[in-house]
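So, here come the structures, one by one.
Two complexes are shown next, each including subunit A; its partner changes from subunit B in the first to subunit C in the second.
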Partner chain A sequence: MSFELIKDILLATVPLLVIFPSLFAFTTWMERKALARIQNRIGPNKTGIPCTRIGLFGLGQPAADGIKMIFKEDIVPRGADRLFHLLAPILALIPAMLILCFLPLEFPWTKSMQPIHAFLLDSAVIFFFAISGLATLAIFMAGWASRNKYSLLGGMRAVAQMVSYEIPLVLSAVVVVMGAGSLSAEKIVQEQNFLWFVFTPWGFAAFVIFFIAALAETNRSPFDLPEAESELVAGYFTEYSGFKFALFFLGEYIAMFAISGLAVVLFLGGGNGPGAGLHPLLDPWVPVVWFIAKIFGLIALMIWLRGTLPRLRVDQLMAFAWKFLMPLSILNILITGAALHLLADGRLEALTRRPNHLYKMIEGANPAMIGVLWIGSFLILYAAACGLDNLNRPGAKPRNYKYAE
Partner chain B sequence: MSLQITFWILATVAVSGALLAVRLRNLIHGVFSLMIFFGALAGMFLLLMAEFIAAVQILVYIGAVGILLLFAIMLTERVAEDGGRRISSRGSFWGMAAAIAVFVALLLPAIRQTDLPKTAQTVQPSVEKLGQQLMDPYVVTLEVMALLLTAALIGAVAVSQGGKPKNEDEPK
Partner chain C sequence: MNILGGGIFKGMAVTLRNFVGSYFYKERLTTNDYEWRPKDKLPQSIGDYPKEEGEQLRDTTTVNHYSRNFPMLLHDTGEPMDTIRCVACQICERECPPQCIYIEKSTEKKENAGGKPQFYPAKFDIDVSVCMSCQICVEVCPFDAIVMNSQFELSTPNRFGGLLVRRDDLLKSNDYYHQIHPQEAATRDQKMADEKAVKEAKKKAAAEKSKAAAEAKAAAEAANESKEGTE
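Take a look at the complex of A and B:
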């Protein structure tokens, strides 16, 4: 065990452990502010610099919340499984932090240093899904260990929901893997140097499916049934207080960052973006900034959706995953295969060896065919979505509201 | 050196997880220690540079089998309490003797005859090769397996639905 190895390990992991929890603190503030604006309130605006009247738009709120959480009493219900009650919040945080390592996010701290990844794996995408699935266990553990009806119901709902929505999530990632010809996150990002996958019809459909499934995977509204406060008090963390609750909260937000990061890698071109060449010192930081900015774009979308949409019913939730998202994503895979086959013109195997092959295939193809392909696949997907909707809810039409005159 | 240390840590975790899974009275604790064992095995695969197998180990054993076990336990009665209902084991001596006999007679010679690799290397069939193999020579096998699994899935749904009475009043 040499000094170099320890230094490398620290340089790879400490930035993740520092940057993302700080971003979490900022995100909680951002979410509260944005939700407040949507609901015509002001939101946190008092907490700023201590002992002064300077409010700083309430930016001190996360710090105040953190201090409050630490000093709160830690209550363990009688009859609870004490060991599991303690372990569940920790287990909720570990997979969330672990999957951050699979994002191709490079922090170039020194000029001479090779950029360090925590993990550089050929099958990073598979690993991502494998490990993010472990969060289900933590939620189940919390629900079971609390010895509380509401907790257990919340835990059961969470498990059912996360198992169901993992399928469309993975199936929509398959589309990107087909286009990129690789499972490594780095190569997928490199493939999108010129053309982000979200700008292809199948990629766009996959992105929408992926985003919806990601909302459900991270228990975000409108899929926050496991913690539905109007039905289940607080779901699986009803019996959690103090810092254990804070750990759950942190785990949930880190998982949000991680899954948005994966969406950025798969569909939005990773750290690709303009801005290189301003200054040699700043250059290596451009991808990092782009990456985090894109993650924040997706988080902002999640917050907006939370402020806009009402919560689903349980049966709607399950029907949506199994009867709508899953057939649509399978159809999407078929369309991707057909489109790639047509574009490659029988040279697919030779082409996938070269970088940016999707872009080159499109560049070399007949423009008329590209038009037909783009519009055709868009129409097929749209028609399929409408058809599935009609099948699932026959006779559904816009509701006629009768307001009091 | 660091590989050795990692191996011993993982081995300890795996063996103790397996032992706990067998010995614990509380079934849910047992399932979670079984998952610790699976996780340690995935770590071993990573140590051998077999990353795809490690991922599949986590995905299938912890993600799917573990959740399945938990659901099965949830649907059975009284899992957490000790309850005084203990399975008394008779003839544990003979069981132990048989296990040791199998180990000495079958496993030990097999282990001693294999020459162990000195250093971990990237397993040659990489993920890409694996995919191509599945798509080219083994595509029929793959399809048959997929068909079988789909049939099993539909069968499970059909069985769990049971014989429903025909005229059930559905909400209009």
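Take a look at the complex of A and C:
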């Protein structure tokens, strides 16, 4: 192994290992602050610089939490399977960290040489889903190895939920793969130079489905049943304390980053964004900054939803995945196919071989036809969603709350 | 017309309003930010908290007027100990479920606000650490002398003596009571006035009755005498 290779490997992986865990620390602070403000509280505001009374808006809170976690006693229940109890948090973190490698983040210090990625794959999207499925295993392992009824219930819920929601997640990503004509994250981002997929009707529907499924995949509220505090103590990590608990927490947040990163790649144009050409030194940073800003936008949305929505019931959760999201995403695939075919005007085969084919299709098409297609497919999807909702909950009407106001 | 998923957006609008509002409107915040004070500057007992009722109001007005936290003793307008309503009957002491009230009856009587000689509590302490805010003392008091306060600043660094609230710290004027619990105070005053009126009417009736009885007796005696005289 040459020195150059080792240097390249380090340059590609170390930023991921440094940047995302520190962003995790920042996100926990952001989440606590935002949730506090939503509930008309102040949130952490005293933990700043140690030994002084400088609060810094509580920015020291993650560091204080980290120190506390490291020095806490690590308790393993007597009946627990010690090996798997130890392995579970590590295994929960590994897939989350691996997924980060597939994100097309180009750090400027790799630009001077040939562009290196941590993991450049032609089929990154498939690998993403393959590896993110492993997190389920780790969570069930934690639930099983703890030998605690709440942990086991949490683990079982997690498996049911994550397996169910993986299907709409993958099916909505298929729409983007059809539009971009590639499975590579790089190519999908390039395809969106002209138009982000979220601005197409099928892309928008797919984005909504993807985002909902992503919330469920990362066990975020309103789909946080596996760790429902009010029902299961803490779900699958009831029996974890100290640094193992911190690892679970880290894994969960890294998974949030990863899945938001994938949403950014698939629907929000990756690192595309205005701002290039301000200064030659700043230019290489623009895509990275845009990418991370978009991830943070999605995470802010997740926090906002967590502060807003109550938790679903288990049967509602399952019904929502299988009876609502899945038929809708299958219909969305059909609509995408039809729309792309109409746009390409019979030249679909020829166009998908070339880059920027969506751009070429739209450029060559009749504007009236595009308008009809856009509004039409949006209406079809909306009607289908309303119809599915009616089928699932026949006769459901908005409720009149007797005691509200 | 209802948009599919519109309820989610409605809820998100509410949370956004709370989020933004909490930065601009101080009164939205449900928690107070405390100024840092060195340990020796901290109040050593509950009595050390601002004694002026205006000062206390600043604390308690941030609390909704339905809040009831800890008992206080009422006095009418005037010097607290001259107009205290409590007559040290010790009913509350007996009824208190966690037994946190300690009363010592005075040995001699003193005139109260009504100008009537009454006993008064020489000692009236309530232990904060034991009190469970059940308000039973308020229910059983026949003199409307003890009611609930909404003051919540009850912590002290002194675990033993500091948590025992003394009579003088418990004494609050009826005006203060009107300020913190306006509705309840008005009803209570109305009830007291009604009771007083009923009592007075009864007294009057009883006086008239006894007067009438005395007159009748006198008349009967007179009749008797005259009867005897005629015989």
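Simple rule for what comes next: the second predicted complex is superposed on the first by the 401 of 405 C-alpha atoms of A that agree within 3 Å, B and C clash if a C-alpha of one lies under 4 Å from a C-alpha of the other, contacts with A are read in each partner's own complex, and residues count from 1 in each chain.
Heads up, the rule we're going with is that contacts are C-beta pairs under 8 Å (C-beta built on N, C-alpha and C of every residue); 3 or more make two chains touch, one makes a residue touch a chain.
This one's a predicted model, so the numbers in the text were calculated from it and none came from an experiment.
Engineer: Using the superposition on chain A described above, determine whether A:L5 touches subunit B (first), subunit C (second), both, or neither.
Structural biologist: In the superposition, A:L5 touches subunit B alone.
Engineer: Considering only the touch criterion stated at the top, classify A:I131 as touching first (subunit B), second (subunit C), both, or neither.
Structural biologist: first
Engineer: Check whether A:G48 is in contact with subunit B, with subunit C, with both or with neither, and answer first, second, both or neither.
Structural biologist: A:G48 sits against neither subunit B nor subunit C.
Engineer: Would you sort A:P284 into first (subunit B), second (subunit C), both or neither based on which partner it touches?
Structural biologist: Neither partner.
Engineer: Please work out whether A:L305 is in contact with subunit B alone, subunit C alone, both, or neither, and reply first, second, both or neither.
Structural biologist: Touch status of A:L305: second partner only.
Engineer: So, does A:A34 touch the first partner subunit B, the second partner subunit C, both, or neither?
Structural biologist: After superposing on A, A:A34 lies in contact with subunit C but is clear of subunit B.
Engineer: Figure out whether A:G376 sits in contact with subunit B (first) or subunit C (second), or with both, or with neither.
Structural biologist: Touch partners of A:G376: none, neither subunit B nor subunit C.
Engineer: With both structures fitted on chain A, tell me whether subunit B or subunit C touches more of subunit A's residues.
Structural biologist: Touching more residues of subunit A than the other partner does is B.
Engineer: Report the residues of subunit B in contact with subunit A in the complex, numbered from low to high.
Structural biologist: So the residues of subunit B touching subunit A come out as 1-2, 5, 28-29, 32, 35, 51-52, 54-56, 58-59, 62-63, 66-67, 70-71, 74, 80, 126-128.
Engineer: Which subunit A residues qualify as touching subunit B in the complex?
Structural biologist: Counting only subunit A, the residues touching subunit B are 1, 5, 81, 83-84, 121-123, 126-127, 129-131, 133-134, 136-137, 140-141, 144, 156, 159, 163, 182-183.
Engineer: Using the touch definition from the top, list the residues of subunit A that touch subunit C in their complex.
Structural biologist: Per the stated touch rule, the residues are 34, 37-42, 45, 53, 304-305, 307-309, 382, 385-386, 389, 398.
Engineer: What does subunit C use to touch subunit A in their complex?
Structural biologist: Contact set of subunit C toward subunit A: 2, 4, 7-8, 11-12, 14-16, 18-19, 21-23, 28-31, 33, 36.
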